[in-house]
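The letters A, B, C and D name the chains in turn, as written, and every chain counts its residues from 1.
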Amino acid sequence: MIRLSQSQRSGLVGAALLAAVLVVIGVATLYFGSRYQIRLVYSAYVNLIVVLGLQVFMGNARITNLSHSAFMGIGAYAAALCVTPENIKKISLPAAPWGLADFSLDPVLSAAIAIVITAVLAFLLGLFIVRLTSIGATIVTLAVLVIVHAVFLYRTDIFKGNQAFFGIPQVFDLGWVVGIAILAVVVCRLFRESRWGIQLRASADDEVGAAAMGVQIYKLRLIAWVLGAVILAVAGICYAYFLGTISARPFYFNHVFLTLAMLILGGMRTVTGAVLGTFLISFGLEGVRYLETGPVLLGIDLPEALGLSGIALGAVIVLTMALRPTGIMGNREIETLFVRKTF
Amino acid sequence: MEYVIQQGLNALSFGAEYALLALGLAIVFSIMGLVNFAHGEIIAVGGYTMVAFAALAIGNPVIVMAGAVIAAMLASLTLERVAFRPVRKADPTTGLLTAFGVSIVLQNVFLMFVSPRPIAVTSLYFLDWPIEIAGIRLASLQVFETLTTIVVIVALMLFLRRTVLGLAVRAASLDFEMVRLTGIKANRVFAMAFLISGLLAGLACIFIMARRGSVDPHLGFDPVLKAFVACVVGGFGSLPGAVLGGFLLGAVEVAMLVMLPQSLGGMTDAFVFMIVALILIWRPDGILSPAIEKGDKL
Amino acid sequence: MKKIGLTLAGLAVAAAPAFAADTVKIGLAVPMTGDYAPYSEFQGAKCMAEKINADGGINGMPIELFIQDTGSDTQTAVSLAQKFLDDGVVMLGTIPFSDTMIPVAQVAAGYGVSIFQPQSTQVEMHAGIVDNFFTGVSPDPFTATAAANHALKQGVKNVVLFTSDEGGSWSARTPLWFGDVIEANGGKVQAKLNFSFGTSDWSPQIAEIKALDTPPDAVYISSIMPDVGVLVRQLRSAGIDAWVIGSDGFDDPSLDAIGSDDPSLLDKVFFATLAPSHEDSAVVKFMKECEDMGFEVGGLFPATGADTIMAVKFGVETAGSLDPAAVSDAIRSADSVPVLTVDSISFKDTKTYAQRTIPVIGYKDGKRVLITNDIPANVPTDWN
Amino acid sequence: MTPARPLIDEGRASQADRMLTIQDLHVFHGPIEAVHGISLNVERGKCISLLGPNGAGKTSTISAITGIARATGSIRFEDREISADSVEARIASGIAVSPEGRRIFSNLTILENLTLGAALQRDQAEKGRDIDHWFSLFPILAERRDQAAGTLSGGEQQMLAIARALMARPKILLLDEPSLGLAPKIVRQIFDLIGTLKDKGMTILLVEQNATQALKLADYAYLMSSGRIVAHGTADELGKSDKLMAELTGVA
């Protein structure tokens, strides 16, 4: 029996509570939702995994990352390249180098390879990024985003650029993504409450002090960075395995801002915040999108207001930053809302 | 040889534009640590002001240009009051994210109230005509822009060295609280920085519009992304750094466009950003980073 | 009592169009905001549907349009397409890029529904991945060839090609097909220059052109406004008098604006495009009619939505049913489908893209003129 | 620890002479209360010293007077309640500060530092005369007027910080640890300077750890410890007090 610390136990409780929420939403959608709603909820869960991957690094190391969508893309493309049947790759990637078009693997092995590739790339980049000061690190992540996007765009022989990379077997459904999201929640929560997570958060609050206590900040940041990238790769795989078609476009600025807004709104310091922010924005934007096209509501014919969803998204970011920079949840995890503080 | 001079001058004018934009970012960053990504939308405000003048059939170029610059300055001031004042004391990350939010809001406001499509503005075409000196052909616009950037740098230098408010802006980059302790109103210093930033955005707007001849909601995003990079490379919040970074970026970009083999042509941006990343890894605070030695703050 | 009964009956009649079987449902999950907002066809579709409904609809049934914004996001587009499919649409429209069209088509296939995309010219949709879709236009090799044929007629020999990977095959390969046709007819591709979308200073590329041994007769670029307008002006002010030739991306009202002060700027500009868009073309007339009806249709791309509606109208009338598969079959097997942008299109031999004439548009005194409007015969064949 | 007497020693000075009166001042750093209800008095033309060890709350008190730190309680300056005023307004009303750590603008020249010190002085000629005046008093600064202030030595920086504060022509000068980190010879120079200022009639609130030097100058002194005033009296009274030594050396 492993002895868990107080915070790890409450972390497990919190993860279980969040998992319950995720299961309830997932099951309710599966049984009562239309196919359209199932798709919506699926993409919300994919975004949730992205936001969780973002939270691991941003929330614990408190360094803004803008490259997360790029790692999601790397995971998606790597898996897609492995899993897509040869006959389709022969059509879609006739000029693929290194025999990339001459093999295909099963989805599980492909996903594993994609995760390893993403982790290795993240590790190599992370070696540099974790050593930078906060804003400098952010700029380098921005550079990573631009560079990865340029490679996707430019190596059309491998990635097809802004054209569709199609024919990826559609092996995932909502059940899968709910399960994976729960796993991601548990991993994030356990990391947060682990010795590494606690030390990393302490070092984010007081870098000098933590360093004086012997905390190896660079090492801890690197661990969080790579773990985040792995979760992002999983999100990319979930995206590719459901849609069956990817391109460079979904892994760029628009997606970066959308997921960043989710994390910020909920509160980047907590896993609960990541979950809350994702669902609030995912479902909130659906509502706004409906209003945008000028529907008739309660007998009032509303005017067309294109751009409303963008304004809402931006306003959420600005207002959160102005009124509650730590997001809705602040430093509180879900269990603190239910369990009376006993420590 | 002529070709080299020609491309060198091109690099100079690219750099002038980036320097102009980067200065606008740097002056705000220097006093409040805010990376103002909404700078691009300030430029777009100038562009849409020109559209408004065209719609009102006001074609006098002086009015159009002055109007665009004033609109950009007012927009910048407004943003300071409405969006950035609440995060004045926040860390750079909070400011950066706020600015991203503001940028998204403004782009969509343009989309909602104007149009997602580019709108032609031809009133500034007259600024652009060919000049030929000793076999080297230049666009007058390139000359104007480079000269404007030089004038702006000189004027800014005079302002920052010769006026109390200018001194306060410089001093604020080091120790804002101490500036307040000399009795200078914090709001005035912030307002001045944003006013200058807006002025620089307005001037950049004139050149961007004269060149592109149209405005759309995303007008400013790409140039400001580049200017931001220039700012970082030169050194966060260092005004000479912003200028240096701007010209350096212009040179790198033209060199990449010209020297990369055609088979790698699509990678220009990737190489530019790679160089940026390398510079940051080499010097994490940029080439001319200002000395940060803030006094004890309470 | 009687009065009330009558009123109720009147209400029932008024409410009738809301009943499922009595409307022709078309779902447009289109980019109204985001990166591709300028290319959305929904305004033209709205206007055309309104016109048809005013004339009594299709076989007496009004058209019911489902339009929602995808924000240019693929996942949203697929979700919305799913919603529209469950609502019982007979035809779908979506984001005009293959990364969205393919998954949408895959979802729609289960319902027997097809996609009708009135403006996508990219070739990869026609590689046989999915077959339940139509593009109402001919792919890029056709537009490239039409432009090249006209260029050859003007005596063009030496050409410079601008390419970019950012717009997929449209911006990367269209210039190469143009070059192929030029070289097949004794011309020469002098240089290929790279560019990015959003370029507002072309001087490095222009310096490259100036450094060529012989000045080019033409430059070809498949790009969008305002970049193209900037390129034209900067080429002219650099003293390069070559033809500037392009594709449908030139088809924007803001291109005409660059000639507002000096029409001669546009004298040596022409482009092969989706539809005739000169002064008295059907598209321009349509846009004016729509404006009178209170719809703002801001250019060729938004106007193409009319084609979607007209094709569906044709399909439903011909099939005599609302079964989506039957409607698609009727469109696919017809010798000629009437649309707004050209006289007619046909999918009989091509299955997924429209066989149609390719208009080449040039300028005279700053005004658009239709130069040619034929189906080119010498299209490169290496694209499919 | 003995709590401070809450009321000011009314017998010490008449109401009219009081320039700065602080009553029941609590100062906060975020959620933490650093000063727990102190009261003190600075009379016109006098040099009052606030003594105490590191962390006693002296600098917090100064910050509360200038408005930088969040505080509750009453701060009256020249018979006007200023505790609701902004930092800038308090400075404009005649308070100037030479803060702890000097905080000179090291990226500006010496001349520019002084110019900023007189930011509220509208009259350019007056400003010029003031600068000449202080340069005459600090010849070392005059020599280096166009050098970046960051190149000065610690003692020179301290002189610059004081000169910068004086450029505002304040009614009261708050000096926060002017001798901190300086060599004994320089410390003497600094205290000589403060003495000169006092002789010229400047009202001074001097915060110091260096009690020996400070008491030589001060007309009256307060001793702070852990956010409270634990003793006060004239320099002579306090100088003889055991409490002072105990507080300052930590030996109880």
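Everything below uses one rule, namely that a contact is a pair of C-beta atoms (placed from the backbone, for glycine too) under 8 Å apart; a residue touches a chain by one contact, two chains touch by 3 or more.
Note that the coordinates shown come from a computational prediction; the quantities given were computed from them, not determined experimentally.
K.L.:
Select the chain whose centre, defined as the mean of its C-alpha atoms, is least distant from the mean of all protein C-alpha atoms.
P.N.:
Chain B is the most central one.
K.L.:
In terms of C-beta pairs in contact, which of B-D and B-C ranks higher?
P.N.:
B-C
K.L.:
Just give me the whole-number Å value for how far the CA centre of chain B lies from that of chain D.
P.N.:
Measuring from centre to centre gives 42 Å for this pair.
K.L.:
State, to the nearest whole Å, the distance from the C-alpha centre of chain B to the C-alpha centre of chain C.
P.N.:
Using C-alpha averages as centres, the distance is 36 Å.
K.L.:
Could you work out how far the Cα centre of chain C sits from that of chain D, in whole Å?
P.N.:
Chain C and chain D have C-alpha centres separated by 75 Å.
K.L.:
Which whole number of Å gives the spacing of the CA centres of chain A and chain D?
P.N.:
The separation of the two C-alpha centroids amounts to 53 Å.
K.L.:
Two or more other chains in contact with one residue: find those residues in chain C.
P.N.:
Touching at least two other chains: 32-33, 37, 165-166.
K.L.:
Going by the touch rule set out above, which residues of chain A reach two or more other chains?
P.N.:
Touching at least two other chains: 153-154, 306-307, 309-310.
K.L.:
According to the definition already given, which pairs of chains are in contact?
P.N.:
A-B, A-C, B-C, B-D
K.L.:
Quick one: in the complex, what on chain A touches chain B?
P.N.:
62-64, 128, 131-136, 138-140, 142-144, 146-147, 150-151, 153-154, 257, 260-261, 264, 305-311, 313-318, 321-323, 325
K.L.:
Show me the residue ranges of chain B that touch chain D in the complex, using the header's touch definition.
P.N.:
Spelled out, the residues of chain B in touch with chain D are 161, 164, 167-168, 170-171, 173-175, 177-186, 290-291, 293, 295-296, 298.
K.L.:
Give every residue of chain B touching chain C within the complex, in rising order.
P.N.:
Of all residues in chain B, those touching chain C are 3, 6-7, 10, 13-14, 17, 108, 111, 115-120, 122, 125-126, 128-130, 137, 139, 142, 208, 211-214, 216, 218, 222, 254, 257-258, 260, 262, 265-266, 268-269.
K.L.:
Applying the document's contact rule, which stretches of chain C touch chain B when the two form their complex?
P.N.:
32-33, 37-38, 163-166, 192-194, 196, 198, 200-201, 203-205, 207-208, 210-211, 225-226, 229-230, 233-234, 237-239, 252-254, 257-258, 260-261, 298-299
K.L.:
So in the complex, the part of chain A that touches chain C is made up of which residues?
P.N.:
Its residues touching chain C are 34-36, 39-40, 43, 46, 88, 91-92, 153-154, 156, 160-167, 170, 239, 243-247, 249-250, 254, 289-290, 292-293, 306-307, 309-310.
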